[in-house]
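Same chain, two partners: subunit A is paired with subunit B first, then with subunit C.
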Partner chain A sequence: MSAPRDPAVLLATLRAAGSLAVDDSTLAEMEAMRGRVNDTGRLLVRCAPPSTGSTRGRSRGVAFGWSPHATPSPEDNNDYPVRRLAPTSRLTWACCLGLAWPERTTTPYPGAAFTRSLVIDAAAELGLSATFVKASLDHDLIPAHLVTASGATLRLGPAAAGMPPAFVDSIRRFHEQLPRLDIPVPVSSDSSADDELEVSSTDVPPPPSEEDWEW
Partner chain B sequence: MVTEARRLSDEDEGLVHDVIGALEIADGVVPEAAFPALTDPALRGEVAARLGRCGRALNRVGDGYTSGYDDRVADVLVREGTGALDPQDRSVLALVLLRCVAIPRARGASASSSWADATGIRSTSKEELEQNRAFNKKDIKLSLQRLQAAGLIRRSARAGITPGPALHRLTPRRTSALWEDLLILAAPDSAYARVLRQRRATGELPGTSGKDTT
Partner chain C sequence: MSTEEDSEDNAGEQQSLPGDKALLDRLRSFIAPIANDASAVTEDPRALRMARDLSEVFADNAGLSGLSKSEVEQFLTRYGHHDKRLFEARFDLFVRMGLITPFLPKKHQQRYVLDPSGLVGLLVFERIGTRGGIDEMLLLLDRARWMIENDQVNRASLKTYLKRCRQLLSVYAAKLARLVHTASITELIEEHRNHDSTQVEKDVHTLNKLVTDRFPDDHELGDSAFRLVETELVYRQQVFAAVDRVLDQGGVTLDFSVLSAEQYLAAALDGTLDGLAAVGTSLVVDPPQPWVDPGSLQEAIEEYRPRVRVSVRPPVPTEGAEEDPIGVMRARAERSVRRRALASEAHLQGRQEVELTSTLRALGWPKAGEHLMELLAVAADPDQPFTIELGQMLIVDVDALVTYMHPVILKRANPDRPGGLDFDPVSLAATADEETAT
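Coming up: the complex of A and B.
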């Protein structure tokens, strides 16, 4: 039996990468990580393992989430600086949420797969140009792990898995106002060289119940 | 030796959790005065201990604090290549730090030891960086975008390119090693550079090994 891995290293790896694959983690390692994370006011939440972006199959990953009583609220006092998304990135993020979260009663994460072209189309209806949308995806949302890209397919990223429940509940109240396209996503088995792959929402498995997503 | 977290009162647990949350998400320095768990030495010690159990370190920066990767853990991440900058981004960052911080300080513009301290630094520009023939314009542009996303540089139309707040998360050891790397880069034939290389070769001094994480 191999020696247990250092939980501090595992947690640091999780922070550096945005998520951590735990298929090979022992129960003891998971318990150690969870205890240490809980002591900081955070949680380990289930997410897609890194580098796959897909929640299909049995591969599992974890990301950092926030305990409900310890969620930071820097906007309350402005006591310390925080990074804020530029308006174009916020709009792009809203489009991603709208495309990934079709049903209000479900959780946004893992959500449905979508594509860049769908985000561009949804953002265009808000007056946002494709150039800004691509820049927002590549320079803000994907590096922040809010969105993951696997080839042409985009999904909500591990940072979205860690969205505080209160935040999700707030967005749920305005769910119908999230930008989304009115046309159904076409199912396509072929893609031309110039087109991105269109993903049907029926290809995406329904998200598991909420109790499966928080350890 | 890693010990269990000390059991605190509910109030103190809340104070510790509040400041750890702030430290982990802040885009810069968290003022000590803003959080009781930073002003109180006992609670601050507990904050440092709990961060340490997660591979993080509490760094004193001016009148406040940041969290960063613990040196021991960061060495492991570097060995594994986790979160490390790629060589091109590292080189462009070195250029930015040379132009913005190292050269002005070498000329006596500032005695500050903080990379992202605005005192005595100058900004640079994409055009200035493009004067370096080792990179083409596209590579520099892509690197600057990635460095900005990582918080290692700031860019604005008015202020130009300056070191970013993520540099505040470097521990003192890593800050020193980075400064030494830049000195070796800027003046490789100097006596100081020779001494540094000799000391690193004998293991007397840690280097950044060309990679680092924040």
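Coming up: the complex of A and C.
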């Protein structure tokens, strides 16, 4: 039986990669990680593990979230300096949210899969050039783990899973304003479909059931 | 002490620590040979700062007449902090020890001046406290070399100089060896920066050559010089050992404080791409997570969403609006056409044709011309059943108002339309008058 891994190393890996696969983590390791994380006002939230190129199946992963009572408010004071996105990147993120979150009553994460061209089309309706959309995806949203790319398919990333619940409730209030296309987002398993729509339903992990959230 | 003085003292204490504290710690061993007891060197860094400030005040403001105590205190307030009790204590001490002397050597002197030796001493203390006395060793080597080159030293003095240099190098080498095994990386880096092994090696070898050349037959001096070279070698080995430990341990722990900013710049400019890339091989990057709150998200959406313009029905025109000018012009043209047609019918009186030459001549000029134009206009209108025939005969009457005239015959164009208009000669005349008045 191997020695338990240092939770500090696991948390550092999680912080650097955005998410951490916990399929091979023991209960003691998870407890140690959770204890350390709770002490800092954060939470471990369920998310899709980092993509390794193979079929994800029902793999488990965790990401950092915020405790409801410890969520900072950088917009009100400068006690917690944060990095802010440019307006074009925020709008691109809004388009991704709108495409991945079609129903207000559901949670945004994991959401529906979408493609880069759909994001460009949704942003184009608001007058945002495709150049800015691609730059925002490649240089801001994907490196920040807000969006993950798997080939031509995009999904909301582990950072979206860690959005504070208060944020989700606030965005739900203006859910209808999120940019989205009038046509339904095609998620087809037809292999003869457009090259950009290489999405197969078997690659999309099903939403986790309630019992899966129990550690 | 008031609250303002406490805050000023704290500010002054913050400004003096930790550099002055470390300097005072080094100076204790420097003062030890002449100290009366263990408390010879003050432990309060504020005292050192006070000494500096006092020296500057005297140097900048004393002039030729010196300064009074109250003037010194007043000038000190410009340096930010001022502790009156500390000032009183240090000023009296400086006066007793001769750093500050009365302007004239007699009693009840109110003006004071700064002794230059004290100021020089302050400079020496700062240099020694900062560099750890390395400069003194280099000065000693350089002084020995200069004295030999200028024949300013005898054999006994030279022997003493060589022994002192060797002892200094030996002590510094031992200190470095101890620091290599016990000190932290930060202390080792700070100590290493004070040592210039290249200069020491150069000076020692130069000194050794001079001794050998000037005193070739003096084996004792030659042996002293050789032992100096041996000690320098040990010293240099310890300097390199300190560097090795700094680089090894600092490199493993990715301690970026190992190198100075200039060394990083030199590495960036001169290093190879592979060498620079190897720095980040085991480096974990923690990118700053952007913060996207709902408010900023909504602002971005509203900023880019196109504004919908609702088209509003134009207001209903109110009654009594001004007349349509185009309609007025059309009505006037219709009335003119009708008037001309009626006039033509009036001339024909139901007949098919009538000669109007005498009628026009009777109208005189310019009415004859105007009436003729009216007849021609109605004849040119394709909707009117009238034509005008102009005869070729020219009637010339120099005395008449119409001097030149051609015969004018009005004809009905369509014989099947005798008249074409229902009219009463009386009402026709009345209508013609109305049109004329309009």
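Criterion: the second predicted complex is superposed on the first by the 179 of 215 C-alpha atoms of A that agree within 3 Å, B and C clash if a C-alpha of one lies under 4 Å from a C-alpha of the other, contacts with A are read in each partner's own complex, and residues count from 1 in each chain.
By our rule, a residue touches a chain if its C-beta (ideal position, glycine included) is under 8 Å from a C-beta of that chain, and two chains touch if they have at least 3 such contacts.
As the structure is a prediction and not an experimental result, all values here were calculated from the model.
K.L.:
Will subunit C clash with subunit B on subunit A after the two structures are superposed, or do they fit?
P.N.:
On the superposed model, which is not a single observed complex, subunit B and subunit C clash.
K.L.:
Touch check for A:W93: first (subunit B), second (subunit C), both, or neither?
P.N.:
Touch partner of A:W93: subunit C, not subunit B.
K.L.:
Tell me which partner A:H69 touches in the superposition: subunit B (first), subunit C (second), both or neither.
P.N.:
first
K.L.:
Could you say whether A:D140 touches subunit B, subunit C, both of them, or neither, answering first, second, both or neither?
P.N.:
A:D140 sits against subunit B and subunit C alike.
K.L.:
Going by the contact rule set out at the top, does A:A12 touch subunit B (first), subunit C (second), both, or neither?
P.N.:
The answer is both, since A:A12 touches subunit B and subunit C.
K.L.:
Looking at A:P179 after the superposition, I want to know if it touches subunit B, subunit C, both of them or none. Which is it: first, second, both, neither?
P.N.:
second
K.L.:
Tell me the contact category for A:L27 with respect to subunit B and subunit C: first, second, both or neither.
P.N.:
Neither subunit B nor subunit C is touched by A:L27.
K.L.:
Which holds for A:L128: it touches subunit B only (first), subunit C only (second), both, or neither?
P.N.:
Touch partner of A:L128: subunit C, not subunit B.
K.L.:
Counting only touches as set out at the top, which of subunit B and subunit C does A:A3 meet: first, second, both, neither?
P.N.:
In the superposed model, A:A3 contacts neither subunit B nor subunit C.
K.L.:
Clash-wise, after the superposition, say which stretch of subunit C runs into subunit B: 203-211, 221-229 or 275-283.
P.N.:
Residues of subunit C that run into subunit B: 275-283.
K.L.:
Which parts of subunit A are in contact with subunit B and also with subunit C?
P.N.:
Correct list for subunit A: 12, 15-16, 74, 82-83, 140, 143-144.
K.L.:
Residues of subunit C touching subunit A in their complex?
P.N.:
By the definition above, subunit C touches subunit A via 284-306.
K.L.:
Mind pulling up the subunit A residues that touch subunit C in the complex?
P.N.:
Residues 12, 15-16, 74-75, 82-85, 87, 89-91, 93-94, 97, 126-128, 140, 143-144, 146, 159, 167, 170-171, 174, 177-179.
K.L.:
Residue numbers of subunit A touching subunit B in their complex, please.
P.N.:
6-13, 15-17, 36-37, 39-42, 66-67, 69-72, 74, 77, 79-83, 138-140, 143-144
K.L.:
Quick one: in the complex, what on subunit B touches subunit A?
P.N.:
Those residues of subunit B that touch subunit A are 2, 5, 14, 16-18, 20-22, 24-31, 34-35, 50-56, 64, 69-70, 73-74, 76-77, 80, 82-83, 145-146, 148-151, 165, 213.
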